[in-house]
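Some structures to go through are shown next.
Next, two complexes with subunit A in common: one pairs it with subunit B, the other with subunit C.
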Partner chain A sequence: MAQASLTNPTDMRARLFGAGSFKYWSVAPLLIILVIFTALPIIQLLQMSVSELEFIEGELVSEFIGLGQLDNLAKDPIAGIAIKNTLVFVVAVVLIETFTGFALAVAISRTRTFSIVYRSVVIIPLLIPPVAIGTMWSLIYDYNYGLITTILIELGVQYLPLWTADPDLALISVIIVDVWHWTSFMFLIMLAGIESIPPSLLEAARVDGANEFRMIRHVILPMMAPTILVAMLLRTILAFKVFDQIFVLTSGGPGTATQVISMHIYKVFSEQFRLGYAAFLSLLVAAFMTVFVVFYFWASRVVRRRLG
Partner chain B sequence: MNKRIGNFSRRDFLKAIGALSAGLAANPLLNSSIRTLAQDVMSQPPITILINDSPWFPGFAAMVELYTEITGNEINLDVTPFPGMLDKTRNATQAGESEYDAVAITEQNIPFFYKSGLLKPILEIDADYTLDENIISYGDAARWDSDLGVNGPNGTILGVPINGNIQLYYYRRDLFEEAGFEAPKTFDEMEAIAEHFANPPRMFGNANRANPIWWEFGAYIDSYDAEYVRLEDDGSWSVGFERPEGLEAVQRWLTLGRTWAPQNYADLGQADLLALMASGRLAQVHMVGAAAPNYDNPEISIVGGNMGATVVPGVTAEARSPRTGMWVMCHPDNLPDERAAAGLEFVKWLTTKDNQLAYAKAGAIPVRQDTYEELATDEVVGWWTSAFAESTPFLHPETRLPETPLIRDSVSTRMAQAYVDEISAEEAVSLMASEIRTVMEDAGYSVS
Partner chain C sequence: MRQKTLHKIILNLALLVVVFIILFPVFYIVQTSLKSTADIYSGTFFFTARTKNYEEIFTGSRSNFAELTRNSLVVSSAVAIICGGIGSLAAYSVSRLNWPRWVTGGILVWLLFINMMPPIVFVTPYYLWARAAGIYDTPAAVVMAHVVLNMPLAVIMMMNFFAEVPKELEEAAVIDGCTQWQAFSRVIVPIVRPGLAAMAVLVFVFSWKEFLFALSLTTTSAGRTIPVGIANFVQEFNIRYGEMAAGSFVAMIPALILVLLAQRHIIKGLTVGAIKG
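And then the complex of A and B:
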């Protein structure tokens, strides 16, 4: 049967007003509300990002400056560092968490004894609020009283790592905490993916003599590709917005070692009171993420096609 | 009173009430004077105050309880963690009508709110109000000179100080006496003391707060006469880091902060310094005055009874320049007159001498010089209230301009980078100088 074309005006009219068009009209109110509530804040953000905003005599005074915020960006010594740190953080945590989440999901999906216990334990970190995680790990990392230091001293270790106080180690310390926190998220998605693979496929592979590695390489991974790609996309978006646990753990320090873009935007808005510039930075991040998501969908389609 | 008492347990609050009751019971004259004074307070409508969840909060809450008890006027408190105060205040002052009759504003947010016109001038609420001369000025924190765009003695009164937090220098009195040291007045003396006591990891000679740096470092830069920005006699502004003393101040901070400190010096916040001192592992420290009562709390400190406090040392004894970190109570401009008047009535009551004495007994930080002087001989709090009294002539608040947050951010960032050798001290000074100059020039100030 020929497909109705959206570019053909007759087909379009038939689709919108003909029999069966009710399904489109019934979602219209929700769609309109969604567009308004998504579009309005973005329009306001856009308006703020091309203005200098100030409270004068109780009134919010706005002055149009066009692309003037680009000047502020060029003069901002921290924005570049924050973007670089954010990218390093995102790439590291997404790759590590994908690998560990997948490995845990494979291992636990094969376990019959204590399976429920393992599943429950693994997801515990995901249930803890990030602020509590930041506080907990800052106590664990504490150089003078922390758990790790205490254990290392008991073991007679001479060199005690400074964790969050060492600029070369601080970002790694933050990444470790994030991996601890979010691996369970990846695990849950991966486990759901693995459990949705038809057992007959795995049985067939086993009958054909495939060992565990081959099963993973040639059956599980290709079947899981769409799930893994979606999990990585979600995790990338979330990791890009990391704020609370770093805020509690290091506040961006030492120096600028763990300064990330969300924290910088918070400082610009809440401590420097530069509403226009903060809006500009927020918009920049939103634009970057939108481009990334579009690119990601395109890339994942290519990958899926290659995997057949 | 509303029972929302923030991060403080009912026990903390009851302790403050207990301390206040014991203080009043031990001093019948004060008790009767407070009650007599309360007779002047008219019956007021219930009010709501936005107050921060700080270590001195239980003392404030105890005074609210006392006010309600003896005047019958009801007060609700919205107790909010420090990071949330700014947004709640901003939202309330910009609303059609503020939900709060009084808001506590920290010193660092004063320029934003004073300049914005979002607050009601105190004389519009009570035309007869005068700031008592015993209320410490804290660099004219109550007044805003809109012609100069900064706090000034001729400015409009927009708030009343309600917490007189400043920086103090703390030391282990027992160890100092044993070693024959006097409390230091200069950075050189501090270094000699740090050198003497340093015996890591059991004892550290000195440690500085690194997270963030700008507030405590202010006492160094001001002492070297190189404050971040200064209004000169000719009406122009100068940038302190452009003077040679700016580099000296940075180098002194780095030496004192790193040489005799724990290895994680770059990561030390206020809580870490308090923990090191309270656990007996630090000989001396320069930190917030409001921390003092913690050292006498046996639940968290093993050094109670062995602590001393004095004015933060300087490059010379005469140039000591402790910073202020106080709070003012203000009234949003979008309040009906009777609500603003009811809020101010409580603030006036709280800032009288007798009530400030009770305030200190309850564990809060008073704002009156006569209160500190009277408490200087008190057996329990005298060791730190005397240091507050002694510090008043040396107090050096930061220059509070609308652009101060940008200056502060440059200092915090560059100093933090220098602290961990991301950049050298010379580079940090040069970058701070150029960034602060740019901030001032972009804002239209004439910079000399």
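And then the complex of A and C:
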């Protein structure tokens, strides 16, 4: 294709309406959406986070306060708690789900009998609404009528845990639900990794007399290490999004026991109605996640290069 | 040999336990949704199934699931169609029409970025925009947000499908006198139709289950979707467990149908962003 100059009006017309124009307008709608709905919001957030915003009689009134939101952050005791809770949550779920996902992937890759059934069932948690996962588990956890209580009473146990209503157990309860929900995701990535290991390698190890355990320890794990690493990074990034189930199960409580960052920003936005401060916090989250995502891209590139 | 059989039995038993752990909560929701309040309180496993909870949420005075379901259907269908159209066009352009590498790579990175950003980041700007545009508390506001959220999945999934189509096909079409648009719409799209369908269905389900924007951009049943309706049950002082369970099951139906159709394409779409193993 001839290199057309952008400034030449005839070339411009050819680009927009000529034979090769399909190339440009096929991608245009996507680019328009990306610019308007993902780049502009960041600019808007910058603007909002240096202002105090208020709706007065339905009109949005904005007052410039410069770095005043920093003072608000310093005066906000819950922000620190939310960061701490989020970090505990993320580290716990990533470690647990890496283990459960890997174990499940090894197990399912070893069986052919009901493989299709297992694989179909395993993806269910990734497709049903997280809100419904929340209600499901709140029924299971319910202190008065829940499944666990019913079973414990049946067994004659005296001590009945409060689960989501107990400040010490709430975060753990939420983590359990997340493991139920997201193990499947780690499983899918790990299964793809295991299936890409050359069968001849596994065969050779078997001929050499390796048992199942040694096979996992000395063949599968080393071959999978890069995949596992990247899966953990990706899951870490996604785990920071957690909101829906916590909203349903605990709404961040009791007290601040399960207050995570998304939940906190949502409350600042919808309950305290401090739009400027919510925007400021959103911007901080976006900046932090950007660093993390760039690191993920870098790491997965290194891994891909190593894999071939 | 006998040891091998034993291994297999243990392995399958373990996997059956996993299947049980995954399916049991779903079963429990269905069971609860068919119980009367008295049966829920007594915790019995033996009860007469009744559909009263379902009737209540759809036609009762305290619930508005009829409207919520209509909104959910409208939103998810619109999002699937918009993402399907714009996403496959862009994916085709980017993967086939000789864009410089930096353009292709730039768009891909941008999309993955959106996929990984916590959605709460976009809530305040979208909220202000929806109000300014006068679409706050309508399905249109939710559609706007969901289109953005699902665009990465749509484009990346389609790029994978287009990569599998042999280049000679379009070349032959163009030589035969097709324009690029005709080559795309008459030759390529029919070939990737199964993939396109899988993508649209997956986008539908993802839009169906989205909660944060459906919650933040609406305030009445004029714009709310099913997940928001379910979450409202939990916040009441006296939780109506039976109706909450019934609503939750209704919310799960598209996902359960999708699992029955489960195929390779959909499984791939679930891990968009992961490196290829």
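Quick note on the criterion: the second predicted complex is superposed on the first by the 250 of 308 C-alpha atoms of A that agree within 3 Å, B and C clash if a C-alpha of one lies under 4 Å from a C-alpha of the other, contacts with A are read in each partner's own complex, and residues count from 1 in each chain.
Everything below uses one rule, namely that a residue touches a chain if its C-beta (ideal position, glycine included) is under 8 Å from a C-beta of that chain, and two chains touch if they have at least 3 such contacts.
Values in this document were obtained by computation on a predicted structure and should not be read as measured data.
Q: Would subunit B and subunit C fit next to each other on subunit A once aligned, or clash?
A: In the arrangement built by aligning on subunit A, the partners subunit C and subunit B clash.
Q: Is A:L162 touching the first partner subunit B, the second partner subunit C, both, or neither of them?
A: first
Q: Taking the superposition on A as described, I'd like to know which of subunit B and subunit C A:R306 touches: first, second, both or neither.
A: Neither: A:R306 stays clear of subunit B and subunit C.
Q: State whether A:Y145 touches subunit B only (first), subunit C only (second), both chains, or neither.
A: In the superposition, A:Y145 touches subunit B and subunit C alike.
Q: For A:I124, select first, second, both or neither according to whether it touches subunit B, subunit C, the two together, or no partner.
A: Only subunit C; A:I124 stays clear of subunit B.
Q: Just subunit B (first), just subunit C (second), both, or neither: which does A:S270 touch?
A: both
Q: If you tally the residues of subunit A touched by each partner, is the higher count for subunit B or for subunit C?
A: The larger set of subunit A residues in touch belongs to C.
Q: Which holds for A:A231: it touches subunit B only (first), subunit C only (second), both, or neither?
A: The answer is second: A:A231 touches subunit C but not subunit B.
Q: Of the stretches 44-52, 98-106 or 134-142, which one of subunit C hits subunit B?
A: 134-142
Q: Find the residues of subunit A that appear in the contact set with subunit B and again in the contact set with subunit C.
A: Common interface on subunit A, subunit B vs subunit C: 60, 142, 144-145, 251, 270.
Q: What part of subunit A is in contact with subunit B in the complex they form?
A: Touching subunit B: residues 55-60, 75, 77-78, 142-145, 160, 162-167, 250-251, 253-257, 267, 270-274 of subunit A.
Q: Mind pulling up the subunit B residues that touch subunit A in the complex?
A: 83, 86-87, 94, 112, 115-118, 201, 210-212, 262-268, 272, 275-276, 281, 333-334, 402, 405-406, 408-409, 413, 416-417, 419-420, 422, 431, 435, 438
Q: Where on subunit A does subunit C make contact in their complex?
A: On the subunit A side, the touching residues are 1, 19-20, 22-23, 26-27, 29-31, 33-34, 37-38, 40-41, 44-45, 48, 60, 104, 107-108, 110-111, 113-114, 117-140, 142, 144-145, 147, 149-150, 153, 180, 185, 188-189, 192-196, 212, 227, 230-231, 234, 237-238, 240-241, 243-244, 247-248, 251, 261-262, 265-266, 269-270, 275, 278-279, 282-283, 285-286, 289-290, 293, 296-297, 300, 303-304.
Q: Touching residues of subunit C toward subunit A in the complex: what are they?
A: Touch list, subunit C to subunit A: 7-8, 11-12, 14-15, 18-19, 21-23, 25-26, 28-29, 32, 40-41, 43, 86-87, 89-90, 92-94, 97-99, 107, 109-114, 116-128, 131-132, 144, 147-148, 151, 155, 179-181, 184, 205, 208-209, 211-212, 215-216, 226-228, 230-231, 233-235, 241, 244-245, 247-249, 251-252, 254-256, 258-260, 262, 266-267, 270-271, 273-277.
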